[in-house]
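Here chain A shows up in two complexes: once beside chain B, once beside chain C.
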Partner chain A sequence: MSATVVAASGGEPVGTEPRAPASKRDLWIVFWIFPTFFGLFGVIFVLLARVIPPPRPDVTTDQKVQWFASHATTIQIGFAAVCVVFGGAAIANGYVAYQMKRMTSGPTFAYAYMGAMAVGTLPGLLLVALCFSAATFRPDREPRISAMLYDLGMLSFNGSLGCFATGYLAFAIAILYDKNQIFPKWLAYVSIWQIVTEVIATQMWVSSAGPYAWNGSIAFWLAVIVFGFWLNCQGIFLKFATDRQPAGSRPAD
Partner chain B sequence: MQILAEAEELPKTTNIRTQLVALWIAAVSALILLIAYLAFPGFWPPMSPRLTAEDVAGFYRNHTAWIRFSMVTFNLCGIMLLPLFCVVVVQMKRMATQSQVFAYCYLSAVVSGATLFALADIFFAVAAFRPGRDPDLVMLLNDLGWMVFIAPVGMIVAQNLMLALAVYHDNGPTPVFPRWVGHLSLLTMFAMLPSACAMVMTGGPLAWDGAISFWLRNGAFATFVIVMFFAVRGAVRRQAREEGIAR
Partner chain C sequence: MTNTEPTALTAEQTDHADRRQRGTHLPGDGHMWLMVLGDLIIFGGYFIVYMVQRAMAPAAYLQAQQHLSITIGVLNTVVLVTSSWFVAQAVRAAADADYERAVRLIYGGGACGVLFIGVKAYEWTMKITQGYTNSNEFFMFYYMLTGVHMFHVALGVLILGIVVRELRNPRRRRPSMVEQGATYWHMVDLLWLVIFGLLYVMR
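Take a look at the complex of A and B:
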């Protein structure tokens, strides 16, 4: 009987030895890192690092060098800050994977989500920081090299598709199989739209201007709108999942 | 620690043994990494960001063999420290009074952090692969290698924060780690944090060759790894005693 109760609440009670009264403070600390990190991420990438909205792909080498020169200070502050806080991404994704482990769908896709997102951090977040910092570090660098760093940075940031598509797919499938209602079913369908935007974004690798370029209305802006909606929903329902998790419980191994 | 004869074949004994094997893999690799560290001419003294492209290219031309030796060794053995952090995950999951959430977030940060370490040596080694390459390109590879090696400390910040919080929340009758492991974890985090400035600074203590960004950062991490080896070994031994398979 007790096993059924446990399965319904999406966790198992912790051992039987005497201990301090159960608290959910650890869950709440980790939960609040999610909105804090993504808030900082937005501020840094939009206001400081200048990669959202994206600089244009259809410019000459000299214009790229000029763009780095005119935004050098904020790019440098922004990406130094990224170096400090980007571990928040690992914690936020780790917490989503943790809540996915409370689902009845088995641990497979929780691990797949954690793995895909942990891999995605390098090409999707850190490489642009590295490229833009290397370009602004030496303003007198050979222009051809700075221009290559511009392309490498933007395409790794906007064009890293598969890691995230895999994460979204894992998230969607786990939700659809889950009976504990950790996340609502419709969020799975939003996640599938996220995969669709990643597939559409493949076009930025062959298109250097227009709606399908890396700054285009479809390949970039449509994807950003869907991503923003999805991320906010994920955060809100992560809060509800934290609310509902019984104190002193943990996911099954 | 001595495993009891009657416990030899139990699965929970194997769990203890594999954790100890993982610790020793990390310990041996740490020793090899220390040799590679001593052998890399670019660390003695650490290369200044203010060197000209010609000087950087000359450096890779003059020290090609030692750079190759040390970077291939870093490449081969760097990620062999990972088993140490995985034993930490296993021990964090044993902490009785909490939801295990810190362990999952710690693992996630450890994996992302390891990918960065795996990348840095490739830039240095590629620069040494063709010493006759255009100096501007050698300098680019050198810049990228130094930046990715020193500056992105965010994953270590995240993992040490999770470890410290887990230790502080582990308030049952038999804590897995002593409290000072939490303090050490935070102290290491704060010592490494300023080196993010190496993305920007071309001179002074915060540049990638500086007293804070290079010496304090790397000294703190090395000390942390060495002390954690003993702290984690202690935790595994306590686990063995608590589970009644060793005395």
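Take a look at the complex of A and C:
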């Protein structure tokens, strides 16, 4: 809802132009899904699903069961919310791909980006919600099975960050080859940091405490700070790219 | 200096030389500087976490550190500092429009980079076969820091390759391109000096 309202006020003044050029309303509606989705994503995963900040990996089975018991309601509300907004991930990444198609580097990288990001979203977003919801579904379940869902959910959510690396690489290469300057060149370099920090995050699969654990300063927090910076930059430059796109134009297929 | 064709002194080159003289010249471009400064901040974060973790268990870190060969560390330091010398000379050669010499020097720098990776790969193989894996916290830092750094060296070799490609094309060669590659390469060198100090030398 908010997307369309903002789109109408922030879009090109289509109706007021005497010559009434082609509208960009469709672009603005889809663009505003990007910040709306990631905003909701933050609210759901921080306040409801409780996976950011991450619960501790170095706790006993009983403590894991207790953790599910004390957060059961918010986890279930969070899962319902995930079901509603999950598709927003595809739209947000799809709109980045749409703008990438305007680059001189051609649409191939755009499709590579879109496909690679779609693969990463399943373990990186959906699976933790499924695991945690399944754990809260039967609170009387055998504790070690609940503990397994706790590990699987968190490892899937944070440990699969490397699955996005291919998408970031496609994004970086496309920017470096592009001459239309749809995104600034330095954003390609920031995407390379993303690859590095997210590959380091794989260490959480062998480390259950300390800086490389799934709640560790290096494996998680540094990666999240870089991701937050990158995502905000991507969103801001997506807006600039939409601003600059001539109304009525569309990229070649 | 024989290859100074009339087309070589473009407006950009004249402007470049002018700004160098006035001291207002930014080597490379702003995009690369953002990469370099951001990279230094991220590595700075890694270094701080390493120091904090080390301060919590100094004896265990010191004990694990004994298994690193300082000779190999020094060898790699010499190799990388030499590569930076080659690249710095290449910047000077390109500024003088002596592009053939610049290309030769960059080949020298790139070869040192490849040698660095070779020595590092040998060291990793030795450590892994000796049983020092990432199950030890010190070695976790060792593999992470040197691994990320090695990735940067590999990226640097690629960037130097791009610089060579641009320098070989008379219409695309320009001193700022060489400076951009050199800015990145010197950062890789600087990071190694800190990593070498932290992992191999600090007691």
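List of remarks:
Rule of thumb we're sticking to: the second predicted complex is superposed on the first by the 231 of 253 C-alpha atoms of A that agree within 3 Å, B and C clash if a C-alpha of one lies under 4 Å from a C-alpha of the other, contacts with A are read in each partner's own complex, and residues count from 1 in each chain.
As a working rule, contacts are C-beta pairs under 8 Å (C-beta built on N, C-alpha and C of every residue); 3 or more make two chains touch, one makes a residue touch a chain.
As the structure is a computational prediction, the values presented were derived from the model and not from experiment.
Room for both chain B and chain C is found when the two structures are superposed via chain A, with no clash between them.
Once chain A of one complex is fitted onto chain A of the other, the partner contacts of A:119 are limited to chain B, with no touch recorded for chain C. Put simply, more of the residues of chain A are touched by B, taking chain B and chain C as the two choices.
When the two structures are aligned on the shared chain, A:173 is found in touch with neither chain B nor chain C. Of the two partner chains placed by superposition, only chain C is touched by A:192; chain B is not. Legend: residue contacts after superposition of the two complexes on their common chain; A:182 is shown touching neither chain B nor chain C. Residue contacts after overlaying the shared chain place A:203 against chain C, while chain B stays out of touching range. In the superposition on chain A, contact of A:134 is made with chain B only, not with chain C. Within the superposed three-chain model, A:251 lies in touch with chain B and out of touch with chain C [touch as defined at top]. Closest contact between chain B and chain C, by C-alpha atoms in the overlaid model: 29 Å. For chain A in complex with chain C, the residues that touch the partner chain are 184-186, 189-190, 192-193, 196-197, 200, 203, 206-207, 210-212, 217-218, 222, 226. Across the complex, chain C meets chain A through its residues 29-32, 34-35, 38-39, 42, 45-46, 49, 53, 134-135, 137, 140, 144, 148, 151, 155. Contact residues of chain A toward chain B in the complex are 11, 14-15, 17-20, 22, 24-27, 29-30, 76-77, 79-91, 93-95, 97-98, 101, 114-115, 117-119, 121-122, 126, 129-130, 133-134, 137-138, 141-142, 145, 245, 248-251.
Interface residues of chain B, counted against chain A in their complex, comprise 49, 96-102, 104-109, 111-113, 115-116, 119, 136-137, 139-140, 143-144, 147-148, 151-159, 161-162, 165-166, 169, 171-173, 193, 196-197, 199-200, 202.
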